[in-house]
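Chain IDs A, B, C and D follow the sequence of writing; residue 1 opens each chain.
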């Protein structure tokens, strides 16, 4: 089968599953997303693309942004970042505070909320939040090769109004000195980065450098080093889906990162980037149909890290 | 560089690091192993081999045996095994009992001690322990294509005499009904499987089927299905090194499994199996120099899952 | 009201509540106890007694035995016992293993199972289990001033056959060196001490020394020092009811100790000892109607530690 | 010995121990307190008083305020308060967040920080923080029978500037809906109540109602009911000293509450209230010499709850 045929097959197979899972409802703008949506986009390192369904409809990328802020922070701060955040799976929920207490404010990895807040704190670097937000947005525009990416201010505001757990996590780490800027500023940036809206096509395009050793294969832009790209993929593999990271690795076998907006970005090392979107989530906060689609796509294409 | 050159280079580079780390000393036969030992063996799916140092000297494979008993139990019992053991990284030490209590006797994954004990219990199937021990030994002989593999009875006896934590774990799970045979029998088998002695060459050879989709590329024997081989590798990637699994994935980028005897088995999907041995362990119980050697070998060979 | 009137009033008031709670069913001899049973006995330091209902019917004292083995071990070993067991409320279930791991095999207090096992280990002192069992039984006979106290061998055997959690706890502590005798021997004694059968009258009588500064007020026998009696009462107050110790202190306001057989021993400092028995347990394993009866009795008598 | 003689004896005995322990240094106004200070005051229900040392020097009562806000909140809100906070010892540090996650925002008891913040939230009742602060201060003035009690604004401001852990706890509970007012307002009141300055004489006087069944024996003012007074004492006994509550009960045998300012309030049921102050703290945050003084005083006076 060609890539186009595979993507079409997967899309059609998922038709009967649409609507499964539970749409995130902790903020109104996420709660009202149509659960029937399903988008899928693949882009290979050769530039071949294939899409299905709502691949052109933008959604809230949420935690998928953590892959990009991690990349950015590593480029800006270097390996010292790892003194402030670990790279071990946590074995806990995305917003658990338990390990933070035992491990004195050092989050287990950059993909749980606490870790991503530390990364954002590192990126803030004393700038006004608006500057950092613009910076992150512009990086995403650059990676996705389009100026049309926007931040959903309603989402950012809703997160800010209800994100007590994240505020708590940030103050907790501030108490240990591992959040250095004012908590309000850090969370302002954090809530905005989570509120970035992208479609599957843009998201796959933005992640393509990871499939190609850190270099955007279409523009030859060096986003990060080959070693760092590999390592970011390793963290995606072991920590990309909170307390269901092992399950994702087991079933899909690719480095990936999910968000509560229903999106998943997966990387096929050396080959392609895949973005899938379906709003219904499983128990651990990963798109239920999205993960199924990836499992099926990987099986049909013979794509696995293993 | 050729494979032989790469292996030689790595071996020479490690010469200055030999003796680093701390040799396991909880039982006398492990404590008296010469910390200066270093062996490295690679075998590719094409049958090419390269070795360095003490690659022909047998050592106690300890927890590396868990990869093989998992494979065996999956072939014998099928996917139902996963009802009794999870596949998530635990975020805890190899012998932690904390999660077992919260999760009612279901271990997080088959590579922590509790999980491996459940796998062994499943393999026992009501047989006398001696039959199961012989069975496991014979499977290892078959995979390594040699009859010379032995079980070190002194090691098995020492483990039995001091393994209170493992006895405790087994009774704990027995209380939840997740160990079904008599605890003494299960641990008898478990302590014997950990006491298998192999050299690097044999170990790499035994793991080669995992690099080749479940089929031994040299004998064409079908050890397991392609899907299962991928999944076992996924569990090795996310759970192979206890609470340092993320670190190993980050630095080496390959599915691997370490043992407190100082051995590590690593799989290069589609390409090769690697076994390294150096008795000195890091804080989390993985061979310190062994992991360094793998990191270097992978870098020189350009081998990574990512 | 006279003491007799108070006891009669409480007994009558509880008539309508008999049968509430859930009878322990983890072993057959406990499961078949009639849930309608209710006994109450009070004995004052002046020797005045009052009883109600099934006060003369023997039941399995279970964990109430821990008060007496603690007293005995303190007399035999002295304050060094506190190096092996703490005296802090655990905030956890009676058989939790979580804290044992963090606190390296030192149980929080002598009234959770792990702590009581350590106390029993200390009492064993290398003797054959049968000698220690006889010793404990004889001490109980002495304190209760009657030779009619027996150990229920069926209960002891049932506990042994199903007590995997306790075996696990014992091996866990053995791994830390805090159980010194063979686990089988220690648990043999432990399961027998829990299987002592006494009636309310005997139990209140046996605990009377605690209400009188360590001295049996009727025989003038010195059981323990005044300071030690106070301290044992303090541990009963803060740790006597597992993770519901605070609740018991809040509602009853007396040092007490409950057992899953449905008995509770409570001490009124300077005044009296009370034993109540009703087999139905609340969520945390304390007699539901027994605790209600104590709350009411204390209120009518104006007896509180506070 | 007369009460005066006992107090003098204890004071003199402690002279050689002055300065032991570690003065709290997380905020400057506490850090600069003279570690040599020692004050002791006793007041009986008959109005007899005895004092020693710096009994007339005011100090920061800190967590001792939690006894009084609990009393106040119970009077104002009634028993419904217990739906929002438990009464079990936590087995954890005063500012631990671990249990809060497992128990979904319901703190274990009103004397750990999280629990006290909930009590303060209940007291705030939508009033401006300044009104609630004045209210609490006036209650303390009333109980101590003096208008000279002040709040140390420097302490309150320092706590607010560095109290990240408490802010984190409050937002955490806000996420579970168990803090209902704005976190800033609740903590504003909380930090002020902790910053109340009193001397030993005033503190003992303020706590006297607890020794007398809820009624101030000198003014006959009904502060709370007899049942509630007993229950508050029970919570002090089981939870008054964080993860060393069992130890305090064991050694002192009285309901008490300590603060990091070095003060301890202890109640002798039916007899007296005692306040002691010595700034050096033990590992768990209780005045080291203060606790020793209480242990000695109780022994000389024969005062114990048991």
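Here, a contact is a pair of C-beta atoms (placed from the backbone, for glycine too) under 8 Å apart; a residue touches a chain by one contact, two chains touch by 3 or more.
Source: prediction; values computed, not measured.
Colleague: Can you grab the rotation angle between subunit B and subunit D? Superpose on CA, round to the nearest 5°.
Modeller: 180
Colleague: Compared with subunit C, which chain's mean CA position is the farthest off?
Modeller: So the chain farthest away from subunit C turns out to be A.
Colleague: Can you work out the whole-Å distance between the CA centroids of subunit A and subunit C?
Modeller: The answer is 55 Å.
Colleague: How big is the gap, in whole Å, between where the Cα atoms of subunit A centre and where those of subunit D centre?
Modeller: Inter-chain centre distance comes to 47 Å.
Colleague: Where in subunit D do residues touch two or more other chains at once?
Modeller: As it turns out, subunit D has no residue touching two or more other chains.
Colleague: So what shape is it, when you link every pair of chains that touch: line, ring, star, complete or other?
Modeller: Contact pattern: a closed ring, each chain touching exactly two others.
Colleague: Can you identify all of the chain pairs that touch?
Modeller: Every pair of chains in contact is listed here: A-B, A-D, B-C, C-D.
Colleague: Any idea which subunit C residues touch subunit D in the complex?
Modeller: 86-92, 99, 108-109, 229-231, 233-235, 237-239, 243-247, 249-251, 253, 255, 267, 269, 299, 304-306
Colleague: Where on subunit B does subunit C make contact in their complex?
Modeller: Interface residues on subunit B, with respect to subunit C: 96-98, 100-101, 164-165, 167-172, 174-175.
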